[in-house]
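Each structure below is given as structure tokens.
Below are two complexes that have chain A in common, paired first with chain B and then with chain C.
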Partner chain A sequence: MSASFFRLGWRQMDVQLRTRVLNLWTMALFFIQPAIFSIVGMILSHAAGNTSPDLVYTVIGGGIMGMWSGLVFTSTYDIRTDRREGTLELIVGSPTSLRRVEGFRTLLNILAGLSSMAFAVLAAVLIFGYDFSGVNVTGIVISMLFILFALWCMGLFLANLLAWSRLSGTFVDLLEMPMALLCGFMYPISILPPWLQKVSAVFPIRWGLEGLRESMLSATFTPHLFSRWLLALGISLAFLLLARWLDGKVHDHIRITGELHSI
Partner chain B sequence: MTNPAIKVENLSKTFLTREGFWKRKTKKINAVDDLSLQVEQGELYGLLGPNGAGKTTTVKMLATLLLPTSGSVRIFDLDAVKDTTEIRRRIGFAFGGNRGLYGRLSARDNLRYFAELYALPPEVTRRRIPELLEMMGLSGRENDRVETYSSGMTQRLHLARALLHDPQLVFLDEPTVGIDPVGARELRQMIKDLIKRGKTILLTTHYMAEADELCDHIAIIDHGRIKAEGTPSRLKTLVKKESIIQAKVEQKNLPALKNIVTPLESRFPVNYVNENPFVLINITTPEPAPILDELLPLLSQHVLDSLEVRNQTLEDVYVAIIQDKAA
Partner chain C sequence: MMQKAAHIFRLYFYQAWYSYRSLFAWSTPFSYFTSKFGFPFFSMLMFVFMAKFAGLNDPAYIIIGNILLMPATNGIYGISMTVGNERQFGAMSYLLGSPAPRAPLFLGRAFFHILDGLVSVIIALPIALLIFKVNISQVHVFLLLCCLVILTITTTGLGFIMGSISLLSRDGWMFTNVIGQLLFILIGVNFAVSQLPRFLQPVSNFLPMTRVILATRQVLEGVGWSQISELLVGEILVGLVYILFGYTLFRIIERASMSTGSLDSI
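Up next, the complex of A and B:
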């Protein structure tokens, strides 16, 4: 990779941070929404008489919810805003591919989304006195990396869908909550009907999350944990390939329909 | 013999739109229809036409932002459909209006970002940005957010962005739209300077005087087709060689002119424009001399307030061509 690749990455993330992430709306998305999810989850858990801390499905679930919402809204909002502000055609009309620009943007959105998780964990420790002893730290770190990669691949795929047509924004908005329900952000997948569990299997976040939860509940590495990581990685790569395939199609499609801009 | 900067042959672009709610029908819109043109290197070529004539669609196809439905576009002998990346390195484009920049960023940051999209080496970026900001008269405001800029400043920044990678060919789509006369004049001077530096420019505009002043060649397009093409002076020969006599008279003195003007009405187009307390009488004629001989004494007698004669302008030509009245 050339130096210009990294310079573009740095500049793109700088622009992204200042134009999209550092504003009240996005901050609310990253911090307030996951906090609400986490706190409501913790209160319900206490009200249900759970004496052991429900760290996995409330704190982590809330954090992941923030990361996912942040990704859906920022990555897709970027394309919509670029289209509205006339900058999408400037990006497409430059020698740099839209895929590369979206790659860096999505990466920053995900890294910014990590603050949701940090905020949720902080709230759990400071407000509810949750204890993180006895967890598999290495497993947690590896699982988080797989989750980040899964989110990045899905973000690229969704950004391409958004670039395809002005109308696809509505469809992507509709994905936000169903994805949280399907991937079991705040409850075990096992409570879903079997057919819905099969549907959720196509989303790599589910497998990354299962790995993360297993690492939080057990300090050992098990074959079951490795299988979750493998599934998360494999399905993420499938999304990446899909995004890559869609990228070429999108580039031609938007130049046929003239949907590079909207007024 | 150098390759032409732009060579367009039989270019067409059809958009599909849908209408109706329950019974949806697909409708075809021919935005550009069998258009051919050639722009030589170092030339300033103007595309004139009314709203919806297909100017912007044509420019976007040339700038690789739209795919043609049929026909061919070659930019410096490269295919605009297949060689998009190479063409994009060699062209710059700026569309009019306030869109197309990041309003929350400063001019300098906008330029830095687009410099990375064009993969400019850091030393070139460091040299080009101050150079362009100076050239566009934006030095001193380069660190202000673009959303605080006036239309003229925004337009100059668009031009700076388009020139960042020193392209050989620049597309300017209505660059002076919404700019005050002083700003528009400055921008026209910048466009002239670019031509002196050897750039090729394709300009679309609504302003005839601007096209007349700047362009080496002009194509007038309507409904996606070229209606007339040539140098501004050649285009002016396409309509009948006529002069326009404009007499300004106070309303109370109008009866004194009746004997002269009324007989002319059956021979030439004569129109009256009421500008209380004056009336402007416009007489379009191929032979102004005999009419002037009759009117000039009225000027010295102070019956007429003023008397002017002017030749056909490019605007007259444009209107005649668009209304199919060209000779």
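Up next, the complex of A and C:
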């Protein structure tokens, strides 16, 4: 069981990497777009008279943005691309569930997105001289795990949600930037108007990011940090449950109506 | 002579209308609005909050700059798509096989994008000016309109070039996106060109939109024709160079594809 499970995971991720992740478009999302936003942030900071930009938000925030953009443009299109390429029928007809296949694919999408984060951290360290003294390294690692889990749950949710309509591609423009805006990828959430801060509370990435920032700015574990992790975990699980419910609906719709190509 | 002119005229508008309707990849008003305003609107808000975090408390500069960049959605992304999708949808071979003159075929793709971009900015700019209570009593409206027309036309040059490049590479859309996003930095949208590092400032001078965005900002401050005429003339020249370069590139690619039969294999 476990050997076949890992073999399936390995094969799925291998194919996903080769066919849908390793292309110039995704590379631009991982590296170029975040770099452009980071440069805008730096020049704005310079224009405001600051001697140096805030590296945690302006540079490392760009890495988070790359992870999110990469996920949006790979996960939301996964089922749609299967339908277009004619592989959706083969997956649904095979004994392995679509849910499991999607789970591995989304995991690969997120792991690939980590390269954006690594690039941003490297840029912060090598170009801008960011040093890790006085940071909570364990807290950073745990926060990153919560962020990855949050992204995975949201990726699964989006893949199933957008499988319902052929117009799903148009929603992507309403997902990429608003999430960056609401979750404070490149500035603290306190910058937002209070009502927008309330809206952003429903996204687990916001809480994971708050934990990450707190760990980067302070070397101690505080109850406040634990509360961010708990919120990130709880809301991620809620998204996972929603994704499972949607996944069931997609499967039922396909099997009962035989309308695989019409979803 | 008259008949030939009428033929070219008709061909230009047929191409303009059909390419706008079928190749800009929107099928419902909702998808039109999301694809056209989704990314520009939310990225503008993102820059506003980034500026607020940096310590700049007046968002008007960024909002006006991003609104003036809106025609780029049509001029760059739209035109690039209408040229590039022609090949992707399998229609390019038929188009190149037809005896129709190339100039109206190629340049016709811009007409409705220019109109669409102009209407967008004409609607969005007054709304932003009202929201941010910008004093417009001194603004020369005709001059402002002139700037906006020039802005929407000169943007198309980059679209023609990127459209031609998308005939050469299957990753053309990626290059278009990168160029489009570099405009956030290079042409004075979110901050003045003078804020750029010294080595980047000359690059801005060679790009379309830099001068006309600066001129429009000055017109909004109440400046008259004499102070911006040089900027507008420069913008028109740069725009013409880009449009001609895009057209020439298209003709070169067309000829190369005829001799090698390679257009559909790239």
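By our rule, the second predicted complex is superposed on the first by the 245 of 263 C-alpha atoms of A that agree within 3 Å, B and C clash if a C-alpha of one lies under 4 Å from a C-alpha of the other, contacts with A are read in each partner's own complex, and residues count from 1 in each chain.
The rule we apply is simple: contacts are C-beta pairs under 8 Å (C-beta built on N, C-alpha and C of every residue); 3 or more make two chains touch, one makes a residue touch a chain.
Note that the structure is a prediction, hence the values are computed from the model and not measured.
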{"item": "First (chain B), second (chain C), both or neither touched by A:Asp252", "value": "first"}
{"item": "First, second, both or neither for A:Gly86, with chain B first and chain C second", "value": "first"}
{"item": "Which superposed partner A:Ile39 touches (first chain B, second chain C, both, neither)", "value": "second"}
{"item": "Touched partner set for A:Val15, first chain B, second chain C, both or neither", "value": "first"}
{"item": "Per-residue touch tally on chain A - higher for chain B or for chain C", "value": "C"}
{"item": "First, second, both or neither for A:Thr96, with chain B first and chain C second", "value": "first"}
{"item": "Partner chain(s) touched by A:Ser4 [first = chain B, second = chain C, both, neither]", "value": "first"}
{"item": "In the complex, chain A residues that touch chain B", "value": "4, 7-8, 11-12, 15, 18-19, 85-87, 89-96, 101, 252, 255-258, 260-261"}
{"item": "Contact footprint of chain C on chain A as seen in their complex", "value": "23-25, 28, 32-33, 36-37, 39-41, 43-50, 53-54, 57-58, 167, 169-171, 173-174, 176-178, 180-181, 186-188, 191-192"}
{"item": "In the complex with chain A, residue positions of chain C that touch it", "value": "26-28, 30-31, 34-35, 38-39, 42-43, 45-47, 49-56, 171, 173-174, 177-178, 181-182, 184-185, 190-192, 195-196"}
{"item": "Residues of chain B touching chain A in the complex", "value": "15-16, 57, 60, 63-67, 85, 88-89, 93, 95, 97, 99-105, 109, 112-114, 116-119, 121-122, 161"}
